[in-house]
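Two complexes, one shared chain (chain A), two partners (chain B, chain C).
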Partner chain A sequence: MADLSINLAGIKSPNPFWLASAPPTNSGYQVQRAFEAGWGGAVWKTLGEPILNVSSRFAAISFNGQRVAGFNNIELITDRPLEVNLKEIYETKKRFPDRALVASLMVEPKREKWHEIVKKVEAVGVDGLELNFGCPHGMAERGMGSASGQVPALVEQQTYWVKEVAQTPVIVKLTPNITDITATAEAAVKGGADAISMINTINSLMGVDLDTWNPIPHVAGKGAHGGYCGPAVKPIALNMVAECARHPRIHVPISGMGGVSSWKEAVEFMLMGATGVQVCTAVMHHGFRIIEDMLDGLNHYLDEKGIASVIDLVGKSVHKYSDWGDLDLNYKVAARIDTDKCINCNKCYIACEDASHQCIDRLKDAGGKEYLKVREADCVGCNLCSIVCPVDGAIEMVEVPSEHPPMTWNERQAAIGVLASCNIDTK
Partner chain B sequence: MNISLLDLKKNFQEVTAGLTDREAIEEANRCLYCYDAPCVKACPTGIDIPAFIKKIASGNLKGSAKTIMLSNPVGASCARVCPTEELCEGACVLNHSTKPIKIGHLQRYATDWAMRNDAVLFQAGKKNGKTVAIVGAGPAGLSAARELARIGYDVTIFEAQQEAGGLNTFGIVSFRLPRHVSLWEVNQVKRLGVDIRTGVKVGKDVTAQELLEQYDAVVLAVGMSKVPMLGIEGEELDGVYDAIEFIKETKTKPLTNRFVGKKVVVIGAGNTAIDGATCSVRLGAENVKILYRRTKEEMTAYDFEYEFAKQDGVEFRWLTAPKRIIGDESGKVTHVECVRMQLGAPDQDGRRRPMPIEGSEFFIRADVVIKAIGQTRHLDLIKEFGIEHDGGVVKVIGAHYQTSNPKVFACGDVIFGKGGGEAMVVTAAQQGKETAYAIHRYLTTLNETL
Partner chain C sequence: MSYQEFLVEREQIDYFIRRGYLIKRIYENLSGTFVEFELKRSNSSREQKLQKTLHIYNADARKYVSSLLIQQLKQTAAPF
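This part shows the complex of A and B:
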C-alpha cells in the first residue's frame, strides 16, 4: 500500500482525489456522503451573491451508444444563501477534519467584495480558497467568472486583493476559454496565487434537436452557450496542465481536472505536473462510489511500479513534453501488420489509401488468401492505420533505425543559419 | 462437439474459452454500473458485481479479482460452474432491453488474471489465540477457513481426500472446471496460514471427540457422500459405476480408453447425471443415454446443462426407470431392463410421483451403467458428533449454522435438505462465510460472558 496523501500548497488531503466545485459539492449532506465514500477533499460549490438558475440545465453527448462522453451545463454558482453554506461547511469540516475542504469563491471584481467573502469563509474553518475565474456562462455576462478569467490583468488584480487578507492557501481556477492559458496562469502567480487549478468548462453548444430545431439543452425553446466537461475534454485539460507545468515562470502547484473518470487519468494528470485532481462529471454520472476503484486502482498501480508515495508521480513526464521544434526529425516509426491477428476488415487499408500515404498493399498468399502488408519504406509513421484498427496488437508501430543522428527542427534551422552566415557557396 | 478417440485429453479441456482482452473491455463497458444493482442481490455471496466490472473497465484487474474473491472465496470456480442464468445474469437489468452482461465470463476474466499473476489478495488477521477445526475442504470448509483466518483464528482443516477443494477438485468435470482453478483457491486459503491436513479422515484417523476437546469450535463441512444404491438386481456387476467416483477418476488418473466404443446408460437427471453422461461421451463412448423416471419438467439439471448434454449427443429417455441390470457369464453388464413410468399425484416435495406402468418392461443394451441418483449422507460421522439431523441432513439454527451441539457448526451440502433443487457451490461458499462470522460471534460473546 503506497502513501496516497498529498500536500497541495499547504492543503493536505489523505488522497489526491477531490470533488470539483460543482453540483456534487452543493451541500453538506452531499460532501459528507462523499467523504464517507472516501474522497480526499472537496471544493465547495462556488459561493457568492445568490443567483437564480434555469431549468433545464444539462445535456450530454453519447458517443456510439456510450452515454456521457461529454457533458455540458448552463448552471450558475450556488443558489443557496451564503449563511446556509457557511454553516454546512463548518459542520462538514468538523466531522471530517482530515479531508481538504476548499471554498470556491466568485464575487464582483471589487476589492471590498473579495475581502468580505474571504473573511467569512475562512472564519468557518476552510483549508483553502479557490477563486472561480472560469465559469463561462451567466456570471461572465456580469463581469465575473471567465469574463475576469480571460483578462490577465484582472486575474492578477483580484488574486492580489484576495491575498491581501487570505490566511489560507489561494488556488486560482482558470478558464480554458482563452488562446494561451499560461498567460492567465502567470498572471495568477504574479498576483500571489499559491496554486492554480484547471480547467473549468469549455464554451459549448451540445446540439440542435432535429425535429424542434431547439438548441440542446433549451429553456422554453431557447438556449445559450454552456460549459463542456467530462471524458471528452481530458486531452484539452491535460495539455493545459502540461503547458503550465513546464512553463518556467509558473512554479506553483497545479490541481488538475477535466475528464478525470478513473485512477488512470489521475495518474496522467499527475505525471504531467498536477499535484492532485478534481472530479465532477464522473461523479455526476455514477455517484460518489467511483472513488473506491480510483483509490484501489491507484494503489495497485503504485505498488506494481514500486512507488512508495503518490507524490513521486508528480511531474515525472513534464520534461518529455516540449515544443514541436524540439522533436527529433530523424526518428522514424513504421506500421507493421501482424497477419495472424488481423481479421481482414481492411479498415487500415482504406484509411491509408484515402487519408494518408497509400502505403498498404493488398496481397494474396500462395493459397489465394488475402493479406495486407505495409511498404515500410513509404510509410510516414502517422499512426492512422493503427488508430482505426479494431484488433489490439494487429498493427504495431515499430521503430525504424535511422541512418542519421537525431536532429530537431530548431537545430536544423540553427545549422542552416550558420551555413548562411558563413557565406559558403553551397551550389 | 468433436470427440477425439485418439487424444482423450483434448476432450477434457475446458469447453468455454476465456474472454479476450477486447471482449472483456467491451463487455465491461456495456455494464451500466447500476446502483443497488439487482445482479448483486441475485448472487448468493453478494459479490459487488458492478464494482468488479468497473475495475475491469478501468484496468484495475487485481482490484477486480479482489472484489470477487473477497465476497466469494471460490469465486474463480463459481465463475465457471454457477448457473448464472438463474442467478446474477438472470437478474441483470439489461435482460429487459438488450442482453444481460456476461457476468460469469467477466468474473472468470478477472480471476484468471489473478491466477496467472499469482496475485496475493488477502492477509491473515492478527492472531486472536483461538482455534477452529474444520472437517472437509470443499467450498464450504474453505470459505469458512478463509474468513476465520482473516479475522485471526488458528484454523486447521481435516480433509479425507489427498487434495483439498471438495467436489470442485474431484466432482465437477474438468471440461467445466479444471482442477488447477480449484487448487489455486485452496492455495489462497493456505497462504493465510490455514493448516490443511489432507488424507485425514475424521471418524477414522482422528475422532470427533478429539476435535471437540482440542478446538474452540468445530465446523462440519463434509458435504454429501456416495451415490446411493439403486436397490435393484445386478448392481454389483462389472461395469456399474458410482457417477461421482467415475468423474473423480477422470480428474485424478490418466484418462482410460476402456469406454471407447461403449454403450453407456446413466441413471438420474441432475448435475451429476449430466456430468457423468458428458464425461462418458468424452471418454469415447459410442452411445450415451440418460434414463429418468420423471419428465424433463421435473429434472433438476438446469436448461443450459440439458442443452450442453444434447449438444454432446446424449440421448434422454424420460419416464423410464431401471428394473434390473443384466450381465453375462463373466459378470459384465450387457443390458438394463427398464420399465416405463407415468406421473401420479404429487408427493411431499411437491413433485409428481412416478409410477411404473405394468407390463411395459423393455431392454436396453449397455456395457456401462452409471448411477447418478443423488448422494447419500455421512450418517456415521454425524452420529459420532452426536448432533441432531433429519435423515442425515444436519439441523442448524437459522442463519447461525449452529448445530444441536453449540460448539459444532455445519454448512454446505451437509445441511442441504431434500427437494431444494440442486446444491450449488456458491451457496456452500456463502454458508461457509456466514458460519465463520457466527463462530466469531459465538466465541466473542462466550468470552465476554466468562
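This part shows the complex of A and C:
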C-alpha cells in the first residue's frame, strides 16, 4: 500500500481526494458523512452573507446514454448564517482532526469585510482558507466571485488583504471564464497566495426546452447563465492546471478540480502539477461512497507502478506539456488496421474520406472479401480513424521512423532567419 | 496524391542538392514556399554564381527542405 497522504501548502490530509466547495459540503451532517466514507478533506460550501436561492437550480447533459456528462448549477453560496456554519465546522474538525477542513470564503471586495470573515472562520479551527474568485453566476452580478476573479488587480488586492490577517494557508480559487488563467494565477501569487485551486465552473446555458422554449434550467419560465462542470470540462481544467504548473512565476501548489470522477482523473491532474484534487459532480451523481473506488484504484495504480508515495506523481508530466512551436515536425505516426479485429463498419473510411486525408482504401481480397487498408505514405497520423473506430485495438497508430532528426517549428523559423541575416558562403 | 506530390518535389530539391547547390534563401507567402538555391563556380578568370528557385507546394516537402536547411547550417557552421 502506497502512502496516499499529501501536504498542500501546509494543509495535510490522509489522501489527495477533497470534496470541493459545493452542495455536498453544505453542512456538518454531509461533511462528516463524507469523512466517514473516507474523503481526505473538504472545502466547506462558500461562506459569506447568507443568500437567497431560486428553484430550480441544477441541469445536466446526458450524451448517448452517459448520464451527467456535464452538469450546471445556478445555486449560490451558503444560505445559512455564518454562526451556524462555524458551529458545524468546529464540530466536524473536532470529530475528524486528521482530515483537511478548508473554508471557502466570498465577501465584497473590501478590506474590512475580508478581515472580519477570516478572523471569525479561523477561530473555529479550519486548516486553511479558499477564496472563491470563481463562481460565475449570481454573486458575480454583485461584484463577487468571478467578477473579482477576472480582474488580476482585484485578485491580487483581495488576496493581500486576506494574507494581512490569515494565520492558516490561503488558497485562491480561480475562474476559468478568462482568456489566460495564468494572469490571475500570477496575480494571486503576487498577493501572497499559498496555493491556487482551479477550475471553478464555466459560464453555460444547458439548453432550451423544445416544447416550452424555456431555458434549462428555468425559474418560472426564465433562466440565467449557470456554472458548468462535470466530466465534460476535464480537458479544459487539465489544460489550465498544466499551464499554471509550467509557468515560471507560478510557484505555489495547485489543488486541481474540474471533471475528476475517478482515481484516473486524479492521477492525470497530479501528473500535470496538482498536489491534490477536489471533487463535486461525481459525488452529486453517485454519492460519497465513490471514494472507496477512488482510494482502491489509486492504491493499485501506485503499487503496479512501484511508486511508494502519491506525492511522487506530482508534476511528472509537466515537462512534457509545451508550446506547439516546440513539437517535433518530423515525428510521424500512421494508422494500421488489424483486419482480424476490423468489423468492416467503414466508420474509419467515411471519417477519413469526408473529414481527413482520404488515405483508407476499400479493397477486396482474392476471395472477394472486403477489407480496409491504410495507405501509410499518405496518412498524416491525425488519429481520426482510431477515434471513431468502435472496436478496441482494430486500428493502431504506429510510429513511422523519420529520416531526419527532430525539428520544431521554432527551430525551422530560426534556421530560415539565419539565412536571411547572413550571407551563406556557397563556395 | 499527397505522397506522390511529395516525391516529385523532393526529387526536385534533391536534384539541386546532388549538384552541390546550397540553400541560399527561403521565403514564404500565400502560394507556399520558395527556395532559392545557389551554386558558386570559380575558375582562373572569374567567379560564376548559378541561382535557381523552386516553388514548393507540398507540406511534407516544405518540412523536408527545412530539415535539409538545418543540416546545411550545421555543416557550414552558420550561427544556428
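One rule holds in what follows: the second predicted complex is superposed on the first by the 422 of 427 C-alpha atoms of A that agree within 3 Å, B and C clash if a C-alpha of one lies under 4 Å from a C-alpha of the other, contacts with A are read in each partner's own complex, and residues count from 1 in each chain.
One rule holds for everything that comes next: a contact is a pair of C-beta atoms (placed from the backbone, for glycine too) under 8 Å apart; a residue touches a chain by one contact, two chains touch by 3 or more.
Bear in mind the structure is a predicted one, so any value in this text is a computation, not a measurement.
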item: Contacts of A:404 with chain B and chain C, given as first, second, both or neither; value: second
item: Partner chain in contact with A:357 - chain B first, chain C second, else both or neither; value: second
item: Greater chain A contact set [chain C / chain B]; value: C
item: Chain B versus chain C as contact partner of A:308, first or second or both or neither; value: neither
item: Chain B versus chain C as contact partner of A:378, first or second or both or neither; value: second
item: Chain B versus chain C as contact partner of A:208, first or second or both or neither; value: neither
item: Touching partner for A:297 - first (chain B), second (chain C), both, neither; value: first
item: Residues on chain A lying within both footprints (that of chain B and that of chain C); value: none
item: Chain B residues within the chain A interface of the complex; value: 21-22, 29, 33, 35, 51, 54-55, 57-60, 62-63, 66
item: Residues of chain A touching chain C in the complex; value: 329-330, 357, 375, 377-378, 404-405, 407, 411-412, 414-416, 418-420, 422, 424-427
item: Chain A to chain B touching residues, read off their complex; value: 66, 262-264, 286-287, 289-290, 292-293, 296-297, 300-301, 391-392
item: Complex contacts: residues of chain C adjacent to chain A; value: 1-3, 21-26, 38-40, 42, 49, 63-64, 66-67, 69-71, 73, 76, 78-80
